[in-house]
Each structure stands twice: as C-alpha cells, then as structure tokens.
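We call the chains A, B and C, going by the order they appear; numbering starts again at 1 in every chain.
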Amino acid sequence: MINHYQITLPSYSRGFHLITHHIEQGLPNLPAEAVVQIFIKHTSASISINENADASVRDDMETFINYLVPERLALYTHTYEGDDDMPAHIKAALIGNHVSIPVINGHLALGTWQGIYLGEHRNHGGNRRLIVTVQS
Amino acid sequence: MINHYQITLPSYSRGFHLITHHIEQGLPNLPAEAVVQIFIKHTSASISINENADASVRDDMETFINYLVPERLALYTHTYEGDDDMPAHIKAALIGNHVSIPVINGHLALGTWQGIYLGEHRNHGGNRRLIVTVQS
Amino acid sequence: MINHYQITLPSYSRGFHLITHHIEQGLPNLPAEAVVQIFIKHTSASISINENADASVRDDMETFINYLVPERLALYTHTYEGDDDMPAHIKAALIGNHVSIPVINGHLALGTWQGIYLGEHRNHGGNRRLIVTVQS
C-alpha cells in the first residue's frame, strides 16, 4: 500500500532546521511496518538526517556549507537569480533532496540522536512543499 | 508490486545532463500511486535531482564539482585508471547513485523546476546502465 | 511485504570499509524481486555505494574527505565532543546515511564494480547499528 501526504513547511530562514515534528504531525498513525520517504519538491533546499540534540550542529552545518560552496565564485555563470541561487542548487545536490526512513512498531526508527533536517539554502526560500510517502 | 526496468543511456560527454525524458520513455504507463527509483550501476557517474530549465545550472554544476574535487591532487594513490577516475568515484559518492521519486496520479511528482540529472564524471564513460524500479 | 532486519557491524577503524558481505550474511534468502534499503542509525558514519575492487579507492576516499572537511576549522562551534565529531556529522550529511538497492532474481542487482561502504567518521565509533529493510 502506498499513501502520499503533502506537507507545506512554514517559511524558514536560511540555514538548517529540525523538522522531525512537522513530519510526525503531518502524518496519520503509521502502519506497524513501513518505509517513509520525505521528498522536497525544490532544487534549492535539501532534506537530510543529522544530529537532533544540539543547535550548534545546525549552526556549524550552515557555516561549513557556506565555506564549502561560496557565493560569487568567478566560475558561476548562472547568476541572474541572485548570489544565493547557484550555491543553493549545489548544496542541495551534495546533501540530497530526499530521505527514506524505516518504520518499526508504528514509529520512525530513527537512532537516538537522529532528526530530519531541512536545509534552506536560499535567503528567502518561502514555504517549501514536501511529499511524504508511506509504503506498507 | 515491484517491477524493474533496465534502461541503457546513450553515451554522454563528461558533465551533467538532463535525462528525465529517457526515464519517462523507458517506462510503461505508471500506476496511479507508486514510487520510482532510478539506480545507476556504476561508481563513476551519479544520479541526482536538480534544476531542469537553464543549461547554465548544468554547466556550473560541472565547473564547481571539478573545482571541489580536482584532478591530480597529490593525495590520490588510485591513479592507474587515469586522472579522471578517482575524482569520478568521489563525485559519485558525494552526489549519490540513486534517487527515488513519488508517483501521484500516474506521473512523476517532480516539482516544477525539478529534473533528473546524470552526472557523467569520466571523460569517456560510455553507455551507462540504469535499473528503474516501480513500487506500487 | 516489508521486513526489517537489524544488523550490528563489528567496530571499524576510522575510514571507508566494504560491508557488502555483512549485509548479505545478515539477510535471509531474498525474494525474487525486491528493494533493499540499508539505513544507519547514527549521524557520524555514512553508508554509500562505491568501487569494490581496489582498497586504494577506500584509502583515497578517506584522505580526500579529510581534506574536504578538515578538523579544527576556526568556524566550528560544536567542539566539546572532540575534534573528529563535527567533521563526522558533515561527512555523513554529504555522503548520506542510507542506500537503496534493487533485488533482481533474488540477488542485490549491484553493478560489477559496486560494493556497499561504511564510512566510519569517528576515531572510535564503536559498533554501528543498521536497519536493513526488504520490500517485496
């Protein structure tokens, strides 16, 4: 059985944000055994799994990814959508736009320290749309 | 229900290429609700989702990934398959070798600006083989 | 049908390691047609697919990722868990924490040169726990 749920996130500032609670609240009771995929319908924001406890990890992820993928490199030619646009496409490609998580006993079987991250890579990305798919 | 389809891509030059049409043409009519996975059977080419409209994004992805993962770094020891080989393995590991896309109402539920990219990271990669899996 | 299998890996040294045999040995006979997902329940180790033949690829992956994500960058603020901790979160985010592989005729349909990699990004990561999900 396959069920899709569309979730629209609130508008987030540029950076990494823990969205596990948005996913859990956007879904009905989960089947006992399943797989849940979270897919973002954008190419300038990312979905990943990372540390859920200390906000300094999200801060450092943002600082590091800006260091790794700087704005205004001379090599960019796709520049007409703003300095943050081409770097956002690159960051999303490196980190990925979807994750898939096992469901065991009706709950996301995340490790103790795992949470779901939105990486908002635009300065003003607005509301991001997700498709959450439950396969059971 | 699980169905696998083997698709062989035409030989592409090094760089990023939009292959959404190859995937759609290589599949029969899709079930109303499904998940499609595109998996590449190689370790020196990548599959990702990125901007589908402006070829300058593909160009900049290629220029940037060559800047991020340069050839002929002194640290490489795996050099006997050519200067482009070890960087190709690294690029494929960073970007990924498969994507999974929801199917809603019989169509890939990609965002407006999303397309499927082949990243050909070898100078002469030849025909790349994909396994496309439809779960419904 | 969805079946989950929990596999605990032996403790590995920091670096990239081929774990295809651990996955195959940890699973019962596979269905003829299926999809297998390997998900790691940690945020400082990664799962990826890469070259399975030459150990120099694993060595160079480790050398390169340390060059790409150095320890002790001034920008890190999440430092109280050791110099290897924040870089490990970044490496895991870039490479990913799960892969999904088609099963055809009862076997993982990996390409000739593809194997499953554990990226152990901590100096002393200990035993890593995987959830392997078979969808058929």
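The definition used in the following text is that a contact is a pair of C-beta atoms (placed from the backbone, for glycine too) under 8 Å apart; a residue touches a chain by one contact, two chains touch by 3 or more.
Every value quoted in this text rests on a predicted model; they were computed, and no experiment measured them.
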*Determine how many degrees of rotation, between 0 and 180 and to the nearest 5, align the Cα atoms of chain A with the equivalent atoms in chain C.*
120
*Interface residue identity across copies chain B, chain C - same or different by half*: different
*Rounded Å distance between chain B and chain C, as computed from the means of their C-alpha atoms*: 20
*Can you tell me which residues of chain C touch two or more of the remaining chains?*
68, 94, 96, 100, 135
*Touching chain B in the complex: which residues of chain C?*
33-35, 48-51, 54, 56-57, 59-61, 63-64, 67-68, 94-96, 99-102, 104, 109-114, 117, 135-136
*Can you list the chain C residues touching chain A in their complex?*
2-4, 37, 39-43, 68-69, 73, 75-78, 86, 89-90, 92-94, 96-98, 100, 129, 131, 133, 135
